[in-house]
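What follows is a pair of complexes built around subunit A, which joins subunit B in one and subunit C in the other.
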Partner chain A sequence: MRALGRWGRRHANLLFLLPALILIVFLTVYPLVRVFYLSLYRYNPIRRIERFVGLGNYRRLFADRFFLTGLRNTFLFSVGATLIEVLLGLGLALLFNAKFRGRKLLLPLVIFPMMFSTMVICAIWRSMYHYDYGIFNYALRTAGFQPVKWLISQDLALWSVMLVDIWQWTPMAFLILLAGLQSIPGELYEAARVDGATGARLFRHVTLPLLRNHIFLALLLRSIDTFKIFDKVYALTGGGPGTATETISFYIYREGFRYFNMGRASAAAVVMFLAVSVVSFIYIRQVWRGEG
Partner chain B sequence: MVRKIFLMFLFLLCVAALALPKEKLVIAGRDGGYGAALQIAVDLFMERNPDVEIELLKLPYKGLYEKLVIDLSAGGGAYDIVMLDDPWATEFMSLGWLAPLEELGYTPDPDFVPTALSVCRYPYPDGTLYALPHVGNVELFAYRKDLFAKYGLASPPKTWADVLEAAAVISANEPGVYGVVFRGRKGNPIVTGFLPILWGFGADIVKDGEVVLNSKEAVAALKFFLLLKQYAPEGVEIWNSSEVKEALLAGDAAIAIEVWPAWVPDLDNPEKSKVVGKVEIAPAPGLVEKSSPMLGAWLLGISSASRNKELALEFLKFVTSAEIQKVLTLKAGHAPTRVSVLTDPEVVAKYRWFPSQLAALEAAVPRPRVLVWSEIEGILGEYLQLALIGELSPEKALAEAAGRIAEVLGD
Partner chain C sequence: MNIWRATRLAKRALFWAVLLSVMVFVLFPIYWMLTTSFKEPLEYATRTPSWFPHRITFQHYREIWKEGAYRYFINTVLVSLGSTLLSLGIAFPAAYGLARFRFPAKLDLIFLLWVLLVRMAPPVVLAIPLYTTLQGLGLLNKLTGLVIAYQVYTLPYSIWMLLRFVRDVPIEVEEAAAIDGASRLRTLVAIVLPLVGPGLVATAIFAVIMTWNEFIYALLFLRRPEVFTLPIHISHFITEYEVLWGPLMAIGITSSLPILILSGYVQKHLLRGFAISFK
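And now, the complex of A and B:
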């Protein structure tokens, strides 16, 4: 410390942060600024096209049926998957917070889906969803029902993709909420019981308020993750049928890495960035308010 | 003691020096059957040239284009030899990503089927040679000759109208058999499935650098495609080649408008197929125009950034030679690009449809030779599917697609 001199001593905390700051500037701030900058250009590095178009890319985006459907689908997917995952996770967490036989054995089983590679999961679900040979439709036919067009129907495909996400990521919401439940001191429940509270009232007035921040954390993490939905769409439907499972990430991928229209891809990325920022901001404010 | 250690060290250094100077090639190739066939050639080459080491990367089709473009455009030189789908050729060649072969001392062999060799040249069809035709893929048409005979249908169907009639008759009379199957998945699959129909109706996507997709003929072709769909299975809009193949092998399909040489041999393999000897392979039917099967050749080129171009050329010559193509064809069901191999009696005895395959290859039409094919294909693939699922009328789908394609070409 002595070698640092007076200035160094005064600003030592800053110096310790410096390596991390430099990393953040290069890996996060620079790409972010560059994406904003590129979104104002018609830029295709492969075809060596580079010209300023102002807001042209954005105007084009909001006139593009594929982007608009993608935007709508992404919101639907994100809200739907997040809510269901957190609700199911809450149910599971409450179940596992109670003591019952076989709990130790069942816990790893419940978080199992999280541990597989998404591509492997999708390959398996794709075969299970198959209209003629898949196990779901086989079961339905055996039971005397009509087969379901899981990935084929335009109205159903997005929900089928969502179901895979719910299966895979509910365990994550579950783990966060279970951790939250287990951090609630038992004395609080005892005190509430002494005051005459039971069942639903315990849950409503003790569990829920204390679990609030964990619920918001689970909502935040799952919203951000589901908003980026790409891998499952890529592997299950390729964005089809029609535009039924088109999402913003998929649109960005196609414009950016298949057609190398980096300007248009950047403009779409900016729209996505703004949307995620707004959602994150709302959640984080909720959490802060809870703490204040 | 010190001396002993020093001597040991020297000895080790010599061993290392002897082991090191192997020449090395890296090939970016395809996975699956294509990879297996190329691996046989790689192993044979290394056996005959023990001082050469070849690493063959077996990459899936999804993502291969992106990987190649990113490395080649940056001049990274990660790959010495690249395997490319023929519609990418114009882009790769015109941007100088591949080494001109004649400059390296290669003279093309007249034994190659002309259509397959001409897509290796830029400008198309008789410019500089930048690659060699490795896989002689061409879209083939498959139909169940037993069912066609049962209902007295024209065999082989000469025109697309015959195909529609056959699909209708068989659908109506053979429960559990789909009249027709094809790849309806958006993007590359649906475009590939539709192109022989589009061309057969006398329409085209791009002609002399101008979009001609918004034509009466193209609309008629798309309307015909929708008519065919009535006799296709539920969910054909997300079918890719594996579904088409499964349906044919299981005997569930009477007609497949698009099958590929890579997996046609399975149809006669009793372990996989319930229809051994019952499926006939023919070139795609015509209508207004003559039969226009789509060329889907895979080419091998040398990266401009390769540091081992001479050796790479040696390997290219080796793998495309008549001797090796015959080995690959017999052992791995490779689709040859040489007339002498396609007509070799031993080969034809094993693969009965090779005369049809040669005829299709000679009549094959390549996809438009434009720089931006992958974007055009993407756009067309999106709109064709919107028409197929009934979200847009054929007229509107083609008009919108033509507008977007014109915008891409105009840049």
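And now, the complex of A and C:
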């Protein structure tokens, strides 16, 4: 018993970390190794097929119209949503960086949307987007315009899904950028004003350079997150109409969990993991600097 | 002088106009959910929906209660609390160990890096192997299985959050306790734990919000209605019925209330909570 106690004291560091280490390895390291392994097989547990095909899955993936469209849509969605969210977030942060009456009351309300479950949000927006009974088309008809096929038009569906993401997650970019604005010392502005800078020039030459890191982080964080887009596609459009809102996550879901082509789905998962990891690494380096 | 005052007035008017339109854009969907849940079907399933409910009805709330939506509520509470408690129980010692000890071969750095990478990774990437693993353990369609799967989200998250809070505890306090002859474990429970308390609560609240709203793993690992969580129930509602919006919004409101109340407690931690880390 005493020997055990001594061992425990010497290796206390490992004892504290061990449970977390075991669970992380079990839940992430092992599955990642396995997903890579599966991606080299033609594997369908329902039809009981398991055959080694090497890189065959990858070759077929990049010849698959659905996957390529999904790749394209995912990039489009991620870049579009990220840029708009950070831009709107910046505008909102400038607005709330001013002192005005009611600011304390309105600030928590602006952050409201990101607290709701994505499914609840999809329920609301799907009802508002409805072609016949939706409030948007009602407003358009009342104002004398043609109703819009928000979720059922090939050209528009992806943008309608994007608008929901913008509504839900602009508050995130806003929070990051507001924190950035408030970390800029007021004396800097005064000094610049003494030098004769005002308005737009103040913004361009004082605010923007000092906000650079925060803008960069907001861009990284939002692009990593929007790249995963799945829930909204599932609940709003189901990937359609046609392949208009097909995304990589949705492709993996459909191949893996509806058709049980788990080999091919795994190959797509590996591709996706690598793509996200590139951006994640940039983010992690940034966080590391902040830590050190 | 007059022109100067006029432009200032115009600027202020513009400011309030922009602020007002922003608030309308942000709040209208929530307003719409709230009012629709109190409208009679004739007021929303129509080409001329009403902007305000003319007659307020509670029929949708009664209906979802009678149809047993509380079961999904209970499931969600169980999964959410279960995954949060499990995560905190494992993450707190880990965060303490990482903050206070040295590790061989930079194990701590590698571990933290990996955990951060995992937190950024798309959950669907791990879904296939997790599915087969849970199947092998007989934990598919079980809330316990989902609690384990949710550690993919909550554990990395809790470790990073708590690491920050533990680092904020001055080491002198612990050294004083050690001089008084307290063991590591007693120091941890009697000294560090109370000091980290508020941080622990904040972390727990974020973990609850995260798991309460989670969708994809619940969708993939729970296929039987009796174990559904609220988001899954809502997703079935959305995709199966075209315009049953009254009950749908009623359930949306009910399922969001606990989260909205909890989020009030973590306002000042929001940034840390959602963005992990930076100063």
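Structural remarks
We adopt the following convention: the second predicted complex is superposed on the first by the 250 of 292 C-alpha atoms of A that agree within 3 Å, B and C clash if a C-alpha of one lies under 4 Å from a C-alpha of the other, contacts with A are read in each partner's own complex, and residues count from 1 in each chain.
Here is the rule we use: a residue touches a chain if its C-beta (ideal position, glycine included) is under 8 Å from a C-beta of that chain, and two chains touch if they have at least 3 such contacts.
If you're wondering where the values come from, they're calculated on a predicted model, not measured in any experiment.
With both structures placed on the common chain, the touch criterion links A:S127 to subunit C but leaves subunit B unconnected.
When the two structures are aligned on the shared chain, A:G238 is found in touch with subunit B and with subunit C.
In the superposition on chain A, the chain among subunit B and subunit C reaching more residues of subunit A is C. Applying the stated contact rule after C-alpha superposition, one finds that A:L87 touches neither subunit B nor subunit C. By the touch criterion stated above, A:I49 is placed in contact with subunit B alone, subunit C being left untouched. In the superposed model, A:L151 lies in contact with subunit B only, and not with subunit C.
In the superposition on chain A, A:I282 contacts neither subunit B nor subunit C.
When both complexes are overlaid on chain A, the residue A:F116 reaches subunit C alone and has no touch with subunit B.
Contacts of A:F257 after superposition: both subunit B and subunit C are touched. For the contact definition in use here, the residues of subunit A common to its subunit B contact set and its subunit C contact set are 45, 132-133, 238, 257. In the complex of the two chains, the subunit C residues touching subunit A come out as 15, 18-19, 22-23, 25-27, 29-30, 32-33, 36, 44-49, 90-91, 93-94, 96-98, 101-103, 107-108, 111, 113-118, 120-133, 148-149, 151-152, 155-156, 159, 184, 209, 212-213, 215-216, 219-220, 230-231, 234-235, 237-239, 243, 245, 248-249, 252, 255-256, 259-260, 263-264, 267, 270-271, 274-279. Taken together, the subunit A residues at the contact with subunit B in this complex read 42, 44-47, 49, 66, 131-133, 149, 151-152, 154, 237-243, 254, 257-261.
By the touch criterion given at the top, residues 9, 12-17, 19-21, 23-24, 27-32, 34-35, 38, 45, 92, 95, 98, 100, 106, 108-128, 130, 132-133, 135, 138, 141, 167, 172, 175-176, 179, 213, 217, 221, 224, 227-228, 230-231, 234-235, 238, 249, 252-253, 256-257, 262, 265-266, 269-270, 272-273, 276-277, 279-281, 283-284, 286-287, 290-291 of subunit A touch subunit C in their complex. The touching residues of subunit B, when paired with subunit A in their complex, are 65-66, 69, 73, 91, 95, 185-187, 233-235, 237-238, 246, 371-372, 374-375, 378, 382, 385-386, 389, 391, 411.
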